[in-house]
Every structure is written in C-alpha cells, then in structure tokens.
C-alpha cells in the first residue's frame, strides 16, 4: 500500500489515570503527518506529552482515542519497523557493545557471518570500533548513546524514534552527537521523529518542527526548516539559522512559561 | 497503564480478599469431602474450634505469655548490649576493628547451631533459651546501630560542636536522635528474629510455650493442634509487626520519614 | 592478605578461649580445651562420621534450596509479567511471608516423618518466599526502556522475559537466593535437632546427649563455619556473575 505519509497520526488523545483518581490529560486531539524519510522534530516544554506521543507512534503504549498509521498499516504494538532510542540509552548492561548491537540482528534470522558483518558495519558507522568488547558501565554517555543508535539502526527500521537522545549528555558531547547524527541521517535516509526541548537542536537537525503546547499537549505550529540540508555544522553560524531559531523560540516561549507555572 | 479508582479498589482489596477467602473455603471443602487424609490436613473448622477451646481454657494465654516473656527478655538483652556496642564501634576504631569481623562473620552463620552450647552452660530452663534468643538477635541490632551512628551527617555535629556542646551532649542530643531511625530498623528486624528463635528453641527443648506445645502436638500426631499452633504463631507475628510499626511511627513523628509518608 | 588480617580478632577470641581453659578460669567440663576440640574434630573427620553426616545435611539443604530457587524464580517472573498471576498469588505471599517457616517443623513432622523428605520440604517452603519476592521486585523494577527496546528489536514476549527481564533482575534475584541460603542452613540445623536420623544437626544432638562435648563443639563450629563459607562463596559467585556492574 503506497502512502504519501510516513506516519499518520489522527485525532489522538491520551489520558493517564493516577491512583488517587486524578486524571492527567497528556495529549489532546493530535493530528500529525510525517512525510516518508523526513526528519521531523517534536519540540515543546517539559511535560507537554511529546514523549507520550512518541511512545504511541512506537506502539509501546496502546492508543486510546484516534489512530496511528504507517505505510505498513495501523500501529498495534512495537515492531521492528519502528526503532527507538531513549535518553537513558537503555543498553542491556550485561551485554558488551557488540552483543547489544547483535541482539536485534539475531532476531532477523541471518546466518552468523552476516550478523557479525552487519554488527561491525554499524559499530564502525558510529565510530566505536575498538570498543566492541566493552560493557556499558565502562563507556561514557556519548559512547553509550552511539551504541544504542548502532543497535537500533542495525535492524534497518523504516522509522527511527528518538526520545531526547542527547539530553543526558554534556553540552560538548551533545554538539558532537548532533553533527554525527546529521551525517548518519544523510547517509541512511529514514523517517525520523525526534523529541527535544532544545530549539537549536531541533533547527539544526530537523526538516520540519511540530511545536507542542504545554499539557494537555496539542500541536500548535508546524514549521518548515528551509536550511541547506547538505551543509555541515557551519550552518549554525548562518543568519538564517539564528533568525529561525529566534522565531521558533518565540513560539515555544509562551508554552515554556505556561509549563513552568504549571498552568494548563 | 491507566488505573481508574475503581480498578484500584478491585485490585488492592477485593481480589486479595477473594483469593484468601477462596483458599480458606477450598481448605474447608477439601477436608469436609475427605479428599485428603484429615490427619494430614485437618478441617479449618476443627482448627478454629481448637483455637477457641485453647483460648477459653487459658492454655494459649499461658503458652503465649511464656513465649513472649522469653522472646522479649532475649530481645531486651540484645538491645541493651547491641545498641551501645554498635555506637561504640562507630565512634571508636579499636572497637570497630575488633568486633566488625566477629559480627560480619556471625551474620550468615546458623546461630541456632550454638543452642547445645548454651544448654550445656546454662541448663535446660529459661536462662539458656533467653541467652540463645539474645545471641541470635544481637547481630541485626549491632549492625543497625553501627550503620546508623556512622551515617550521621557531619554538619549538625560540627554546628553543635562550634556552639560549645560537650562530647556527652553531642552523643545524647545530636548523634543518638539522628541514628534513631536506623537503630529502630535494627530492632524491628531483631524482634521477629527473637520470636522465631524462641519458638524454635522451645521446639528443640520441649516444655511449655507455643513452640513446646506445637512439637508435643506433633509427637502425639495431633495434627489439629499443630495447625492451631501455626495459626496462633501467624497471628502473633502479625500483631507484633503492626505494634512495632505503630511504635516506630510514634517515635519518629518528628523525623523526615513521617513527612515523606504523609 | 588484607582479607586475612581482617579476621585476626577471631584468632584473638580463640586465644582468649585457650587462656581461659588453660588457667582454669572456666570449668573444663563446660568449656572444653581447644586442643581437645581440635583432636575430636580430627577424629570425626578421619572416621568419616563428620563427612558422612555433613554430606547428608548439605544434600538436603541444597536440594530444598535448588527446588525453591527454580520454582521461586519462575513464580516471581510470572507474577511480575502476568497480571492475573500476580493478583492471585500476591495475597498468599503476603499472608505467608511474616510466618516463621521454622514453625512448620511440626507440620512436616506430621506429614513426612523423620526421613529426608520432611527436611527437604521444610527447606523448600522456607526458601521459596525470599526468592519469589526478590525475583518479583527485581523484575518489576526493570527499566521499561529496556523492555521496549527489545520489543522494537523484534523480541517476542517470551524472549523479552527470558533474555531481558531475567538478566536485568539478576542482582535482586541473587540477593534473594543469598538470603534463602542462610535460611536453608538455619532450617537444616533446627530440623535435624528435632527430626532426623542422620545429618550434622543430629550428630550434634547425639554427641551432646552422650556427653562428648569436645566433639559437639567441633561439629558446631564446623557447621557454623560451613554456613559462613557458603555465604562468602555465594558472594563471590554474585560478584562474578554481576561483574558487568563495575563502576
């Protein structure tokens, strides 16, 4: 079934019911269309439900109201087509880097040689050659996140979901990882949904940005980022980048203030 | 996963009641229908009747009083020796050096194995039992008192010192109150240990007390009596644990713990 | 070397003991001479009596513990992942947990008499709850990001349980087994004092009844030492299995 959209989110709402009876409306009437192979950012203040939306797209949380569809059909549960990368890396700590990357490959039914070959390929892609036998506890945050990215990309998902993947890293590592991610995405085109609260990060990485309101989350604006996709990190010094970032920050600012005050 | 208030009530209250109720009903039904030899599994009704009879005749009260007397005596000794020892260990290096290996080596040992030694030294009556209980219970008390005193935050200590507090005032008015939660935890662990050790010791040495009565019932193949004893011990255990929790809440009302729980 | 130095105070205690008996500070009848204890130990060892009984005891304890571990881990994992199982089993766990399993000694006596089975069942019952509870808590505490990552990498529910939840819960599970190990020794010794025809607890009781106090002391120290050694060994095993946790 050919689809002109990579991910189609229609009228999705989501509520969390707390034990004491207080219900929290995380998302309200989300309509979102992510194009195939598009790098799409979900930008918004803390608690706006952007992660929840990501988990719904991934199929990790069941959809309550509305529908989410990809080219493969409706989303009913987790699947290989939708890979995910978490902020806390979610590496299997008892496995080495290589074993982590091999995990998904083992489920693919490839023969041993092909698996090892593919694992090596992706470990090199994220510049971790030499660290294959290290355990996550021996790696820095940046290296752990690279492992997570390699692990997810190795099974070749059509859609890559990223939940504030660089949020746990220090500012310098974060910049390096952003540039590397951009480079990887330019080489291996995929549909990416990238959750972040960092405006510069969103403008640098994404082609389109959905700006979400504070809780209950709605999509307030969708912005096209018309920057040179082929350019490297130097694009961040350009005037267009600065202007666009300011513009978007203005839109986000209201929501951020509302979120800090706890108002809905 | 969202859980509505209704699901909460069902999950946390109704279902446990249902499960336990069904288990008890199944127990009674199995016994009534003679599915299992009544010797192996006496009817719930018989057990309840026996408990009622024993309570009425005062037998249970006597046994209970005896067991509690032994348990609490041993527990008290463990507390009186253990708490100061733990505090000393935290404050004075020589004590720590000497006792730390003894305590940590003793922890995983089956201390009940030492009972014959205590019987040899202290005879067949209450004394040996109480000392056995004290010996078993002292370890968690020392350990907790040590950890609690050691972990006392430096800042209140330094503040108090700079305000002119003497060492003794420091101990009683700063260190002990701050170590109190952990000391109480140690006592909370030691009390069930004391109870179990008492019951087991009574079983091993026969005589009166709940343990003694239970093992006698066992020897006379009085399975109703054995099961009655188990129910009694279980209930005593629950009551004791609840009582201790209440006392802890009272004593630590001023502590951060109480605020967190509220 | 530093580990050995740590235990010097124990040597000091033994030295004090020797001094007390040597100088008649305590009655020799009550506190046997250290030398006599050592001699008795050697005799028991070479006659095979000690090893035979120790082997019987340890065999029973380890059988009960192994069965408790197998059932307990499975039960804990199922409870953590399948809601109906948890709802059914949890109340029973809550009810039986505070009850001292030593209280079951008369029960297994009634059910199984003096043979091996009564002790194995007792140890099984005493050890299963710590394992179930710690497995359950460990499995519940697994970061859901790990589970979701595995799911999106193509793992089935069963694979997630055995390949992700189980290893992730291992620190807690091993802690629970360590507790159960200590319980197994306590139950082994207590049950053998009361209802046994062989085993080290039985041996201790027999020697005590017969007045062979030096031998009795020797056996008691042996079983205490083995209990201590088993715990330390398990600690080493834990550290090795969980070595990925360094840092």
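We just call them A, B and C in the order they show up, numbering each chain from 1.
Here is the rule we go by: a contact is a pair of C-beta atoms (placed from the backbone, for glycine too) under 8 Å apart; a residue touches a chain by one contact, two chains touch by 3 or more.
Given the structure is predicted, the values throughout are model-derived calculations rather than measurements.
Among the remaining chains, those touching subunit A as well as subunit B are C.
Legend note: the chain whose CA centroid lies nearest the centroid of all displayed protein CA atoms is C.
Here B-C and A-C are compared, and the pair linked by more C-beta contacts is B-C.
The greatest centre-to-centre gap from subunit C, using C-alpha centroids, is found for A. Centre-to-centre spacing of subunit A and subunit B amounts to 51 Å, using the average Cα coordinate of each chain.
Look at where the CA atoms of subunit B average out and do the same for subunit C: the two points lie 19 Å apart. With each centre defined as the average position of its C-alpha atoms, the distance from subunit A to subunit C rounds to 48 Å. Those residues of subunit C that touch subunit B in the shared complex are 6-10, 12-13, 30-31, 87-88, 90-92, 94-95, 98-100, 102-107, 109-111, 181-182, 185-186, 188-190, 193-194, 201, 204-205, 208, 213, 216-217, 220, 223-225, 227-228, 230-232.
On the side of subunit B, the complex with subunit C involves touching residues 11, 15-17, 19-20, 23, 39-40, 97-102, 105, 107-117, 119-121, 192, 195-196, 199-200, 203-204, 211, 214-215, 217-219, 221, 223, 226-227, 229-230, 233-234, 237-238, 241. Taken together, the subunit A residues at the contact with subunit C in this complex read 55, 58, 60, 77-80, 82-84, 86, 88, 90, 92-95, 103-104, 107-108, 135-138, 148, 151-152, 155, 157. Those residues of subunit C lying in contact with subunit A across their complex are 143-146, 148-155, 159, 163-164, 167-168, 170, 244-247.
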